[in-house]
Amino acid sequence: MATFDYKDKKIHYELHGEGAPLLLLNGIMMSTLSWHSFIAPLSANNQLILVDFIDQGQSARNPDEAYTLDLQVDVIKELLSHLGIACVSIAGISYGGNVALKFAAAYPDKVHRLMIFNAAAKTGAWLRELGQSWTAAAGDPVQFYNTTIPIIYSQEFYNGGPDWVKVRRDFLTTQVFTNKLFMDGIVRLTRSADDYDVEAQLCNITAKTLLVASESDPITPPGDQYKLRDLIKDSDLVLLPGVGHATMYERPALFISLITGFANAKLEGLVV
Amino acid sequence: MATFDYKDKKIHYELHGEGAPLLLLNGIMMSTLSWHSFIAPLSANNQLILVDFIDQGQSARNPDEAYTLDLQVDVIKELLSHLGIACVSIAGISYGGNVALKFAAAYPDKVHRLMIFNAAAKTGAWLRELGQSWTAAAGDPVQFYNTTIPIIYSQEFYNGGPDWVKVRRDFLTTQVFTNKLFMDGIVRLTRSADDYDVEAQLCNITAKTLLVASESDPITPPGDQYKLRDLIKDSDLVLLPGVGHATMYERPALFISLITGFANAKLEGLVV
Amino acid sequence: MATFDYKDKKIHYELHGEGAPLLLLNGIMMSTLSWHSFIAPLSANNQLILVDFIDQGQSARNPDEAYTLDLQVDVIKELLSHLGIACVSIAGISYGGNVALKFAAAYPDKVHRLMIFNAAAKTGAWLRELGQSWTAAAGDPVQFYNTTIPIIYSQEFYNGGPDWVKVRRDFLTTQVFTNKLFMDGIVRLTRSADDYDVEAQLCNITAKTLLVASESDPITPPGDQYKLRDLIKDSDLVLLPGVGHATMYERPALFISLITGFANAKLEGLVV
Amino acid sequence: MATFDYKDKKIHYELHGEGAPLLLLNGIMMSTLSWHSFIAPLSANNQLILVDFIDQGQSARNPDEAYTLDLQVDVIKELLSHLGIACVSIAGISYGGNVALKFAAAYPDKVHRLMIFNAAAKTGAWLRELGQSWTAAAGDPVQFYNTTIPIIYSQEFYNGGPDWVKVRRDFLTTQVFTNKLFMDGIVRLTRSADDYDVEAQLCNITAKTLLVASESDPITPPGDQYKLRDLIKDSDLVLLPGVGHATMYERPALFISLITGFANAKLEGLVV
């Protein structure tokens, strides 16, 4: 548990384990706390770095001005500088995947391996309007739950675990979505992605890249990952049948395995 | 343009063209007006029957008591009786597909061919909660638009037609979702599907059945249509790559062709 | 049953039924006899035209010189001229689909609707070498069966019908693949497709086109049909899950329905 | 480089690196030599064990009697006993995947993690007849190449690398398929799988299992891996779009990453 100062803002981060550094970037509703169960496995072979983006978790809020993903990219650059890390493997999901793509395109030399789950090259009209339905519902916890949560999961997973759903629904609608500080952050984070578009910069990425598409993810559907594969030079794609947008919750063991393997495999000089 | 009395309620229906009868059943936000462009092609070879369900279009409202899809099934049965039609081919999409499945399971002898687009065997927790987000947003036209419309379309289609989206968005948020009579009907229709479950009755369907799955439809994803195929004896399945939930708007020519062909092909006695 | 003279060669063709003309083009191992069960349904709404390509069925052989698909395209053009048909809908499968694509690209005004099953834009190295394994096995009926037949069918279909397989295996290995005239034709037809490549001409096709991809077809896999869709202006694509290369045998009712609907739907002026 | 005696037969095996043991099982046309490029990466974190099955590579031949996969399973059991290894992670592809499944079902306590590429629960009629086309072509190197090699690769990969294909074609048809010892082994190995069927024993597998399906693999198509997933309790599935049967050659980096990650991830006690 530590912080560093990004300009006038405290940024919360955590270091776990030893080995080659592995940075894990959060989805929009997540925080370092969301990775609780993943810390042990992901720090077994690597120095795991968790961080709350601005407006997330225990990091500072940024209510005074509109910002874009570039701000979060800059936070990551400064964090690595603060830690004295020259090159890192990055795994990012959703919003965190988008930040990871922008970072890898802007600072290709700083990225060893890139693992992108449920992200996209840009925010299209569809996703922007979905985002608007989220921000508009932010004042009503139950409405916010119904508007955001089902669509994040595959029907197969969501319907298969009624207890999981019920426990989580109660927790989120009474403990989380009632928290104005949290919700205001979500609204700003959502807006920060409104004009996200890294498509033209993807050609700059030199890191070996793993793209993970979830078959039943309407938010960042497989087509988005196929497009990333076509535009990122040294990339490989896997598709997870029957999985929704929150891959790490629907398939935790697979999520951990994919990251552990791709971040650490010795692939230099491989010729078959 | 005609009506018949279902108990104390006026039901609006339309007959177009001549030939073997073909009944087209609406999705939840649709009405007979939604099929304007489809009337000429679908009545070219058949007597096309359009109908507004209770709480839809020009049919009567039913605000006084909760109801289920069984009510709509009964309306269809009475309509056919009123028209003196003993056996009909039915094409239904979404809510209309669910009603068609229930009808074909309850009255197998009355159905010649069955064509099901974007439907499911039952309403699971996921879809029920999505429905709740819709009904909760019903009082705010823009919020209702953002909550319901993007998810109905594939990102590919929605993002590909900015003018289409803009025109439609303006029309819906100012002319349609502002109409309290319309919106109250939507809320009741949505609730009427909350406990829909025809799974155990699907084995009763004897009609040759075409199931159409749209690859990018999160509301009734392909898995739902695969399940229908497994449970309906004489069924065939096609998958439409890159298409969302509103198949008739995203691929009108294909929608018309699939219905025209499957309703009218002479398949009796076919042995290969 | 009739013939016309294409230069010095007799071409066998058949006309069935009345209505808008519909031309059905054979796969490489087929002949007009292969469509026996399809004649009644496909001639119910159309004048169905069947034809044996050169080196097929009851048409003349062409052992004296190498030829390409252009020869068969020219045969089709002359057949239509002989019949006085100015414009026709064409359904073709595999080799017949390739000829149909070439014909529609060369004579766009002569094609009303185009329905392509299990075809491709060109013969790549993979398919050419597969073809070589076929022609090399042509002298041994059992080896020819094992080399060509399983790969034509999906495992699901092939394994699901042991009697179907056994009956067919016996018939083919004792009655068909033992016929030197038949086998010599197959070898020449296979070679005629070795350098097939219509990719650059696909932009000339103006006919409304239906592309049917079979999910479990390794010979002309779905990717081939996706590519055709991208290159043919007015085209729509459907995917048949679990179906192999011989779509008309694995899903006869669906095959007939798709053709009946797409050839005859009244789509002119459709605006949604 | 070492051997051990399995009854009266020398079995060739190799040990590379240190760490938790990882056994890699060959496809039917492979040998320990086939893994040349994979040894460094796969032995970086594990003690990698390579082995030639009976009738493969540098292991003994078995021409005198018919055998089944049970023989190879017994060889693996004796090899592990010889090495004093109580529990091992196993990655197997195709034939090697089938042996791995049988081994894990027979000796569940001896398997830590199981990684299955391009395998199946049983040999159906389709695959058996394909195998017959292979054994019948075994006497003619070029015919054997054309019959077996294209179908092993996706068209995308095969057509994309003309030099790769040409070099490999020349090498195989002049150096490998001309080797009678090698070819006789292939024929017997192919026959040994004719009656393979582990379906009823899959419920005995307790190892955490990764199933890898290749989208463009007609020999062991994705449906086979979906079935394995349904029958193996603790299994996860990934699908590789556009990849053929020889996954390790078409996607070597991904093959290595998937094995490295799944074999070594610390997943014990994971609860999300």
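As written, the chain order gives the labels A, B, C and D, with residue 1 at the start of each chain.
By definition in this document, contacts are C-beta pairs under 8 Å (C-beta built on N, C-alpha and C of every residue); 3 or more make two chains touch, one makes a residue touch a chain.
Only a predicted model underlies this, so the values are computations on that prediction, with no experimental measurement involved.
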{"item": "Pair exhibiting more inter-chain C-beta contacts, C-D or B-C", "value": "B-C"}
{"item": "Between chain C and chain B, distance of the C-alpha-averaged centres to the nearest whole Å", "value": "35"}
{"item": "Multi-chain contact residues (two or more partners), chain D", "value": "none"}
{"item": "Contact graph of the chains (line, ring, star, complete, other)", "value": "ring"}
{"item": "Chain D contact footprint on chain C (complex, rising order)", "value": "124-127, 129-130, 132-133, 136-137, 140, 142-143, 145-147, 149-151, 153-156, 158-159, 162, 165, 216, 218, 221, 223-224, 242"}
{"item": "Interface residues, chain A side, partner chain D - complex", "value": "37-38, 40-41, 44-45, 208, 210, 215, 226, 236-241, 248-249, 251-254, 256-262, 264-267, 269-272"}
